[in-house]
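Shared between the two complexes below is chain A, which pairs with chain B and chain C, respectively.
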Partner chain A sequence: MTAIAAPELPVARSFAGKQARSFARFARTQPLGTFGLTLVVIIVFVAVFGEWLVRSDPDALSNDILRSPNAKHWFGTDHIGRDYYSRVVSGARITVALAVIAVAIGFGIGTVLGMASAWALGWFDLFFQRVIDALLALPGIILALALVAVFGRDTHVLILILTLLITPGVTRFARGTALSLLNEPYIEAAQALGAGTPRILLRHLLPNLLPSVAVVVTTSVGGLLLVSAGLSFLGLGVQPPTAEWGKMLAEGRDYYLHAPYLAIFPGVGLSLAVLGVNLFGDAIRDVWDPRLRAL
Partner chain B sequence: MTAYIIRRLLAVPVVLLMLSLGVFFMIRAIPGDVVDLKLERTYTPERAAALRAHLGLDQPAYKQYPKWIGGVVTGDFGDSLVTGQPVIDEIWRRLPITLELGLMTLFMSLVVGIPAGIIAAVQQNRISDQALRLVSIIGLAIPTFWLATLVIVIPAVTVGWSPRFGYIEFVDDPIANLKQFALPGAVGAMGFAAILLRLTRVQMLEVMRQDYVRTARAKGLKEFTVLGRHALKNAMIPVVTVVGLSLAGLVSGSVFLEQIFSLPGLGRYAVQSVQSSDYTAIQAFVLLIGIVFVLVNLIVDLLYAVLDPRIRYS
Partner chain C sequence: MEGYWANYWRSQRVSRRSVLGGAAVGAAGLGTLALAGCGDDDDDDDGGGDKPAPTPRAAATGQVSGGTFNISGASGAPDVFDPAITILGGTYALGLNKVYSRLIRYAPDFTILPDIAEPPEQPDATTYIFNIRPNVSWHDLPPANGRKFTAEDAAFGVSRFARDNPEFIFGSKLDPVDNHEAVDESTYRLTTKFPFAPMTSIIADDAWMMINKEQNDAVGDEGIKLYENLIGTGPWLRGELDIGVQSFLSKNPNFYEEGEPWIDKINFVPLSDRAARDAAFRTKQIDASSFITGLLKLDVIALQDEFGDAINSAPKTLSATYDIDLNNTREPFTDPRVRKAFHLAADRSQFQNAWGQEAGLLMTAVPQFFSAFGRSQEEILEVPGYRQPKDDDIAEAKKLMEAAGHGDGLSLTTLKQGFIGNHAIAFRENLKAIDVDLELNEVPTGEWIVARQKGDFLMVIASNTGAVDPDFYLSDRFSSKGSQNFGGYESAAFDALAEKQRSEVDATARAQIIREADDLLLEDAPHIFSANIVFHPTWWNYLKDVVLVPGLSSWTSQLWIDPDEKERIG
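Let's turn to the complex of A and B:
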């Protein structure tokens, strides 16, 4: 009997090559999404490497007050002589940091709670989902104002607020998706093979649940950015002297007539960030599951 | 569907109970002693005792909650910690301003968003469709408070024009009253018009593929009649619900717009109350908004079930 040569499996090709090809396809079919991703990458880059990009200490005062953009101060200076370019650049950091932390916590907790609710059902599910209803009933900004009233104005409170804004929606979506996945034949098969609860939840349910939850989380990041900058604009979020785009827009309000450039740069930064995550979120939602295309 | 409606109705009191408990325990959740925080340097034992009694902190929660909720049911939300006046009076006084702003915003978004969505759908993938979609994508990304800032700053710097600040009552000067809402209304409408445009476009595209639209065309109806009578009517079903749910967006928008355009409405009151730690005002505000939204969500859900009988609820 002659040995049969094992056929060369296509799977054996390099993982990196496969990733590059699927990215190329994404770039070809989703030009707007790719543009959005580019914006997100740029803003994250600025957030991470901001220290090397700034031209002076963003919080340093100087006698150059309300100077229009010039060679020394690319974006001009604010009412207490701080270099506006450096402040806009360092504003990316807090924006990205807040979004990343809130998304990470909300994604984690929301997925776990949603899964637990779908698995437990019964009284726990019934009760827990009404708590979620109550949280979802309030417009985000009202919930945020109430939490600021209780816990004060602080960056930690802002993180709590953003987390509380994103988690209920994620939980509700994860529960719904988990409920339908639990009806899939492969779950039944795993049960028939004697798999225990942890194994079913972690090995069979979770890997199938995560991608669609991730997509929904991505599409909600834009709203989070707007709430966090909005609260800071109202003076209830990030506190001075930290440079934050929403707060910079509020700080400049008394000087806009003489220094209109103060109203431009932080707003551009914030809008580009929201535009980037919105476009990217829409694109991966379309690619992942066209049925989710609600709005 | 009856079972669905009953279940949906039964959930309402439970959610309202949760909401009221959350709002009630708000004051008790404040880290540290509220009374110390509130009084600071004006602290005397008598004042502290009075404030404690005022906030109902002198009694255990299980005794205080029924008393508080009893007051709420009869419209007594307590007195403001800042003015000493009943909070509900202030809310009633400010409500019309926020309502007028909300209606103005809603009207403008509907007038712009829905026709734009229909045009984009009819002209699918042509230049006008692409342009409208681009505008709506950008419209969704620009924060309300930035746009509001720009519409004040740009005319002021370029042509020296700025809107009048200071609120004018409708009874004093109806035209000036409506005029002062036009600019904030338009700013607030942008984001919402963008959402309506996208939704109307998607729904129209979906409906225009249906057989009954082809039938309407085949029997020789004018394109206008086909679009208006047959397509639009059905495309509007999800739009109706989104308009209901958009109330949340209108409330959020009003918080910023009233702040920037100096309109003494509810949104401004909420921000002021947070800034001055007027806890009773915040409690009343959160609870009332919560109740309104629980009911709005209920109506939207029921409306959806009635409007679209294809949806089955098991």
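Let's turn to the complex of A and C:
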């Protein structure tokens, strides 16, 4: 009997083709979103592979101080002779990493807490939502100052601050969406069939909750990038000599008359990153939000 | 017997007028200012009589009374307004320098000038006689109510610094003093236990301002800390202090220098941000940058490019220093080889880049601005650790690290002050050459100050105060009982030299001993010596008679605003 090979290739090709068609449709219907995605990909590429892209140690000093961009130093040098191209590229990593880590943690914690609050209701929900109210009412900068005063200035503290800034909003949104989903017939059906709480939450609620929360989170990455850079700009975030765009902007500000490029390069990097994330976030919200899709 | 200081200072003594004359030429740098004072003192304008006659120069140059002088004020909150406690520049700028005055003061070149009293006479090596000028009175505010300043006040004012108050930081400077005595109403006699070379400099130094006894009795030492209790003999009366908003001082109409202060009011505009300071200067919201901290050279160049001779600027070398303290009592700095390796690895040319253009004047243990005692710039640049290129020094440093058992490298953490962050970054990079990984831990100012004073640190990269005599940089900082020997350095040989130089009244012999002590410190490397801090005070040219002095002092009573020039500049 001759064995017949399973037709895997056509299936794979079919899947890849479907993805390509989806992307093409996305690109056609969301040109700005595609542009945003391109920027995001470039920034992420620079962040991930920056180590191989830099031309010298970003912290290495030289006596070439405040040199304008030239063939040797593409982005010039800073006030203590460091190659600015290497610092801008190196700065992408920490700037993006901070936002991504904080978003990932905030996304995870916020979704779980929101879902739990919606499921439990009662006193737990009442109390927990007041805590969220309090956190949402607290101005971000006050929270940041308080945490820095207690824990000191450190990258880990900055991640904690960013996480605390994003988590309450995600929690509140996840709870609202979960409350709505819990009234859906398929949840009632699962309950009627005797499904336990973990199964309902993980198999039925979470998969339907994630896309909506993901859209909210994606659109908030840009804001988080700015907050992160802002805190570093104020000296509350990443500490020197680590290259970070917000910190570099702060240092460059002192030389705006003599070496404007010191503020321009990290400023452009930050602007493009935020623009890219926002355009992409808006586009996927348009695509995934059924109300907007109907329009 | 003619004492050392009597000889030394008299030989170089300057008149107040000649200093102003020199400064008016443009105050073009410390060196130039120093030269400005080197004239005959026959024409002193502070002679007898209730009020000295106006100086001819004053008449010739036509000082104009009136107007408000707007200056960049301290951005941060001042601390306490007691000169026996504070070393904060902002506190000096906002009140102390202007409300109080000193018995004597130092000129830009460290020569001694009269202030409340004439420079002291020295009948012998241990006696200093201060003759109080006849026209000095306290501010016309209760409880002093404008009464005359007496020798009793001088004795109280000086001896107060040695009061048994744990917050008073200058008391040890009076250890060599044997007695304070008011001989008569206008003669204060200070006697030392042994010939003590720095005595006159100490009395003329920034902190040594005269506090009113009645006020001190009324409000206690705690009350003296408060702005609202400021009563002095200086050119300015306390006004209002609204931290972070605006502060002002008003003219003391009974000030003892004829006609001064020429200006009616000093307004302090708080400008914490460098860009805001720059903008405020350009738009003439302020007539001058702070005279203590000034502007960066880069900004001055840009302003001069734009406004030409409408603005004026000069470097001000502070007695304060950029410092890297090593704790000599903790591993690995108990080993002099490690300390020396760190000293050799430090690249002072990169430090200079880190401080900014013309922002640091290199020094060994003794600052080079003490031209009679310190090494010149040329000499310093020959010293291992300072010389270029660094190859030999790095090779030597590596050998020392290997001999000390750290050939495989070392990881350390240092406390650092935010203000000189670039200095710390530069040193961190320098140390990579000898496989030392230095982690920088920036901590709030209070924290590193306390850690440093308690000796609870391994390394601290921060600034430190200075003084107007080399003794401070030797005895206070490095003798085993020195009040600022934060690193716990101990050397019997150095102690002997430090003691010897303070007792030596011959300037040449003292300079030789100081050089030996400096050599010993470079060899033992208890500390990474760096530089004195340099700022660039800048002012519009309609502000006249600007004089810049090192340290925390600033002279303001002689300033005046030329209305014609102001109109011309627009």
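Simple rule for what comes next: the second predicted complex is superposed on the first by the 276 of 295 C-alpha atoms of A that agree within 3 Å, B and C clash if a C-alpha of one lies under 4 Å from a C-alpha of the other, contacts with A are read in each partner's own complex, and residues count from 1 in each chain.
To be clear about the criterion, contacts are C-beta pairs under 8 Å (C-beta built on N, C-alpha and C of every residue); 3 or more make two chains touch, one makes a residue touch a chain.
Small disclaimer: the values here were computed from a predicted structure and weren't measured.
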Which superposed partner A:16 touches (first chain B, second chain C, both, neither): neither
First (chain B), second (chain C), both or neither touched by A:257: both
Residue contacts on chain A - larger count, chain B or chain C: B
Which of chain B and chain C A:193 touches, first, second, both or neither: neither
Touching partner for A:71 - first (chain B), second (chain C), both, neither: neither
Touched partner set for A:141, first chain B, second chain C, both or neither: first
Partner chain(s) touched by A:63 [first = chain B, second = chain C, both, neither]: second
Touched partner set for A:236, first chain B, second chain C, both or neither: first
Touching partner for A:274 - first (chain B), second (chain C), both, neither: first
Footprint overlap on chain A, where chain B in one structure and chain C in the other make contact: 152, 235, 253, 256-257
Contacting residues of chain B [partner chain A, same complex]: 11, 14-15, 18-19, 22-23, 26-27, 29-31, 137-138, 140-146, 149-150, 152-154, 156-157, 195, 198-199, 202, 242, 247-249, 251-252, 255-256, 259, 270-271, 273-275, 277, 279, 282, 285-286, 289-290, 293-294, 297
Residue ranges of chain C touching chain A (in the complex, touch as defined): 274-275, 278, 296, 298-299, 302, 347, 349-350, 353-354, 356, 418, 421-422, 425-426, 428-429, 440, 442-443
Residues of chain A that touch chain B when the two form their complex: 32, 130-131, 133-134, 137-143, 145-146, 148-152, 222, 226, 229-230, 233-236, 246, 249, 253, 256-257, 260, 263, 267, 270-272, 274-275, 278-279, 293, 295
Chain C-facing residues of chain A, complex: 59-61, 63, 65, 79-81, 152-153, 235, 239-241, 253-258
